[in-house]
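Here come two complexes built around chain A, the first alongside chain B, the second alongside chain C.
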Partner chain A sequence: MLLGSTKKNRQGTKTMKIAVISGKGGTGKTYFSTSLAMSLEDVDFFDLDVEEPNGYIFIKPVISDEIQYNLLVPEIDEDRCTFCKKCADACAYNALSILPQLKKALFFPELCHSCGVCSFVCPVDKALIEVEKGIGIIRKGKFSKGNFIEGKLNIGEPSGVPLISGIMKDHLDPERTAIIDSPPGTSCPVVESIKKADYVIIVTEPTPFGLSDMKLVVEIVKDLGKKTGVVINKDRGDSKITEEFLRKSEIPIIFRIPYSLEIQRSYSKGIPLISTVPGIEQKLKRLYEDISNG
Partner chain B sequence: MRAFIAISEDNGVESKIDSRFGRGSYFMVYDMENEKIINVEANKFRDEGHGVGIKTAGIAVEKGCTLVIGAQPGPKAEQVFNEGNVEIFVMTEGTVSDAVRKYKEK
Partner chain C sequence: MDKPREIVVLSGKGGTGKTTIASSLAVLFRDKVIADADVDAANMYILMDPYNIKGGDFEGKPVARIDSKSCINCGICMDLCRFDAIDVINGQHKIDQLSCDGCTLCSLACPEKAIQMEPVMVGKWFSSDTEYGKFVYARLDPGAENSGNLVTMVKHQAKLLAESEEVKYILIDGPPGIGCPVISTLSGADYTIIVTEPSISGISDLKRIIKLSDHFRVKSGIVINKHDVNPENTRKIEIFANENNIDILGKVPHSFCIIDEISKRTIPGGQCRELKEPLTEIYEKIINYFELKNETEK
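After this line comes the complex of A and B, so read on.
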C-alpha cells in the first residue's frame, strides 16, 4: 500500500502527495499544478521549482514567513591547520584539497554534501570549524485552500537538491494532501522532489520534442517505481504519436488541457486555469478522487 | 623541472597520454631537464566520482611538480594548480616522449 494513502482529511477523502513534473520547462506544468491545488480542499502547495519558482503567480498566496535555508560547511583556519590532510582523505566527495608544501587548504563548496565528516576527523582544535552558509530562501504563507511553501535557490548555487530535501523533511505534513510542483527536466533535483510522492503527474505537450523529453521523465518515474499518469497540455486532438507511446508504455492519459487562445491569453496574464475554463474545477476534483482511489 | 603526466598504460616514455585528466590509469613524474622518469604509480582514485581531478592535482603539487602535461584539467583541478603555481601544458594524444619534445619546442 502506498504511503499516506489511508489517511483521510476533513472532507473524508484520502490525503495524497502528488508531484507534477515535466521533461522541460514551459509545458504548462505549473499552470496545471496550481489549478489542481486550487481545486482541492485542505491542501499544501509546494513550489520546488527552486531555480525559478513561479507558482505564486497563479496561487497568489499571502506570505507570512521567509526563512533562510543554511547548510553547514567547513572553514579551515590556515594558521591553526597542520595540513595533515586527514579531512581531505576522509571527505568522500573530494571537496577539500590540502597542499602541505604550500600551507594551503582549498575548499570546493560545489562538491560538499555537508556531511560533517571533516570536522569530526580533524585532530587540531579549531583548525576546521563548521559554518552556516545560506543556499536559499523558503517562503511560507497561505492561499485560499491551504498552505503555500516555496523554495528559491540563491543565484549561483550549484544544486537544488539540499534545499528540496530540506523542505520535504521539515515542511511536508504526512497528514495532509500536498501538490508538489517539481523542477523541470530530469536531473537530481527532480528525483529529490518526487521521492516522497504517492503519485507523479507528467505534463507534456503533444509535439515530437515534447515526446522525447517526456520519454526521459517516464524512465525516471519508472525507475523510482512511482505510479504515474500524463496530462496533455495544448491538446488539439492530434496527439497521436504521444498517445501511441503512452499506450505502449501502459501509462494512462489522465487529463487534457485543450488548446485555445483564451487559455493562452489568461495564462500570460497569470490567471489560473480553473478561473478560465468553466467546469474544469470539478474535473480536477474528480481527477484527484480517481488518483487517490488508485 | 618535474612534470606530472597522466598516462593510460605503463610503458616508459612510450606510454600514451590519457585523454581525460584525473582518470588516467597511471601517473608519471618526469624529470624534464635530464629526460628521465622519476616514478610511475597507479592512479587509485580513477574510479571515484566527482572531484578526482582535485585529488590528482593535489598529488602533483605534493610531488613537487611544476608542470602538468595532459588533457585539460577541470576548473577545480585548475584552481589547485594555480595555487601551486603549476604550469599546464595541454596535450590529449601521443606518448610521453612526444609530449616532452612538443613542450621543449614550444
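After this line comes the complex of A and C, so read on.
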C-alpha cells in the first residue's frame, strides 16, 4: 500500500481511528463508544480506560487471549555491585536506594518508570540487569462486529500510560477502523490514548461540571491539532451554556442522547444504547460516515 | 491537639456523585478544612464559591530540551528513549514535551551535551475561604503529567491549614480511577467514603477501589447513589459489603433536584429533601466511627 493513500477496508469505506474522551468521568464515554463500535462493520474496539475498563460489559466479547504486559525494571546482583550509587543518583523517580555500609541495594518497584537510566549508567558488567515485570493484562477477543482489545492495569500500579502506549503500538492496525474508549481526566493517559486518532469525540453532560472539564479537554484536542465533535449526553433540552461555549469555539455538536430514566436503568443492567433506543444504530452509522467523509 | 483525620471521597468509576456527596458533607461537618484532590478535572470550586484566593505555581518534573545549535542529529537519544518522546521534525531531533517523562537518559547519553533538563510549570494550587471553611484546590494544566505530586501538594497545604486552624477533619474530594492521583489521595488517609451506583460498571469499579483502599489499610464505607435506578444491583452491593465487612453509610435516590441544584451551582445537600436523610446518616456514622476510635486509642 502506498503511503499517504486513503485507507479503505474490505467494504471499500474509509477506515478511521476515532477516540472517545470526556474530561469528567461518568458522562457516558463507554456507553457511547461501545454502541458506536457495535453499529459499524469490521471494526476494532479498544478499551484504554485501563484503570477501570468497562467496555466489555456492553460489547460482551469472547476473549481468546490474555497477555501479560511487562515493563523492564532493574535487578541488582549485590555480589557484583560496587555500591557506587550512580544508578540511584541518576534515577529521577527515587526508585533505587544504595546503602554502601550495609552492602545493600534497595529497589522500590512502585516508583520505577522503566526508563532504563540505571542500566545505562551502571559501570559494572552484569551488576544491574533489567528484568520483566507485569503491570497489567491485555485481553483480546472477538465480538459480532470485529475485534475487542482491552488493557487492564494491575491494582496498585501508579500509571496506565505505558500500558496504553504499548497497546497502541502493538495492536492498532492502520488498515482497520478503530473505536478507542479513552480514560477520563485531562492528563497524560488521555493524551496517550488520542495521539494516533484521526478524530476525537468528546462526550459531555450539560452541567457546570461537564462544561468545566470539557473546556480542558478541548484545549488538549486543539493542542494536538485533532478534528473534534461533541456528543451531549443526558440532554434535558436545557443545554444552553454548553451549546454557547461550543458555538464560540466552533466545535460541532454531532450527537445527542436524551436524559431518560429508562436509559439509565438499561445502562445499569449492561444493556447497550443501540439495544435500548430504537433507530439509534442507523444514526450512529450515519455519524461515522459523516465523520469519515470529513 | 490531635492530628486532623483525613476523610477522602472516592469512587473508582467517574460520575457516580463524589463531588455531590463531598460538597454536601462539607456543609454538615463543622470542624474541618475542605480539599479537592481531583486536580485533573477539579469541579468542587464550582459549588464552594471560594474567595480570598491565594496560591502558587506548581512546578512539574524537569523535561528534556534539545539545543538545536549543538545537536548533530546522531539519533542516539531517539534510540534510547522509552517514552517515544523524540521525533525528527524537518531533519532536526526534537523533544515532545507532552511525552517526555523527565527520566534524563537522553541528556546523560548525548555525546554533544546538547540536551538540558528544564522545569516546566504544570499547574497551580489555591487556598481560599468559603462559607463552609477553608478550601484548598488545584488545577493541572491540560495534558500535563505528575498529577499525583499535585495531589500531594494539595493535601499538604490542607494539612498545614488544618493544623493552624486546629480543626479535627480534612474532607477531601478525590479523583476517579485507581492510578497515581488516587494512590496519592489515599496515602495517609483515615477513612474512604466510596460513592458507587448500582450499575454493572459501578460495581466492577467499586471492587477495584475497595481492593486499593484495603491495600493501603484505609477503613472504607460505601454510599450507594441512585440506588433506586436498579434495586437488584443495589442488593448485590449490599451483599458484597456485608460479606467484606464494609459499612453501607447511606443510600441516595435518583433525584432531579440534585441535578438542578448543581446546574445552579449550589450545593445540593441543603436544598434536596431526598439527600438530607441519607447525608445525616453518613455524617453520623463517620463521626461515631472516629469517636469510638479516639476512645480506644486513648
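In this section, the second predicted complex is superposed on the first by the 256 of 294 C-alpha atoms of A that agree within 3 Å, B and C clash if a C-alpha of one lies under 4 Å from a C-alpha of the other, contacts with A are read in each partner's own complex, and residues count from 1 in each chain.
We adopt the following convention: a residue touches a chain if its C-beta (ideal position, glycine included) is under 8 Å from a C-beta of that chain, and two chains touch if they have at least 3 such contacts.
This one's a predicted model, so the numbers in the text were calculated from it and none came from an experiment.
Undergrad: In the overlay, work out which of chain B or chain C sits against more residues of chain A.
TA: Counting residues of chain A touched by each partner, the higher count goes to C.
Undergrad: Using the superposition on chain A described above, determine whether A:L111 touches chain B (first), chain C (second), both, or neither.
TA: A:L111 contacts chain B only, not chain C.
Undergrad: Touch check for A:V131: first (chain B), second (chain C), both, or neither?
TA: It touches nothing on chain B or chain C.
Undergrad: Given the touch rule stated above, what does A:T207 touch, chain B (first), chain C (second), both, or neither?
TA: So A:T207 only meets chain C here.
Undergrad: In the superposed arrangement, which partner chain does A:P184 touch: chain B (first), chain C (second), both, or neither?
TA: second
Undergrad: Check the residue A:K269 against both partner chains and state whether it touches chain B (first), chain C (second), both, or neither.
TA: second
Undergrad: On the A-aligned overlay, A:N94 touches which partner chain: chain B = first, chain C = second, or both, or neither?
TA: first
Undergrad: A:I63 contacts which: chain B (first), chain C (second), both, neither?
TA: After superposition on chain A, A:I63 lies in contact with neither partner.
Undergrad: Which chain A residues come up in both lists, the one for chain B and the one for chain C?
TA: 93
Undergrad: Using the touch definition from the top, list the residues of chain C that touch chain A in their complex.
TA: Per the touch definition, chain C meets chain A at residues 11-16, 19, 40-43, 46, 61, 80, 82-84, 98-99, 101-105, 108-109, 140, 142-145, 147-148, 175-180, 183, 197-202, 204-205, 208, 211-212, 215, 226, 229-230, 233, 254, 259, 262-263, 265.
Undergrad: What part of chain A is in contact with chain B in the complex they form?
TA: 88, 93-95, 97-102, 104, 106, 108, 110-111
Undergrad: Report the residues of chain B in contact with chain A in the complex, numbered from low to high.
TA: Against chain A, chain B makes touches at 48-52, 54-55, 57-58, 61-62, 64, 76, 79-80, 83-84.
Undergrad: Which of the residues in chain A come into contact with chain C in the complex?
TA: Counting only chain A, the residues touching chain C are 22-27, 30, 51-52, 54, 57, 90, 92-93, 113-117, 120-121, 153, 155-160, 165, 169, 183-191, 205, 207-209, 212-213, 216-217, 219-220, 223, 236, 238, 261, 264-265, 267-270.
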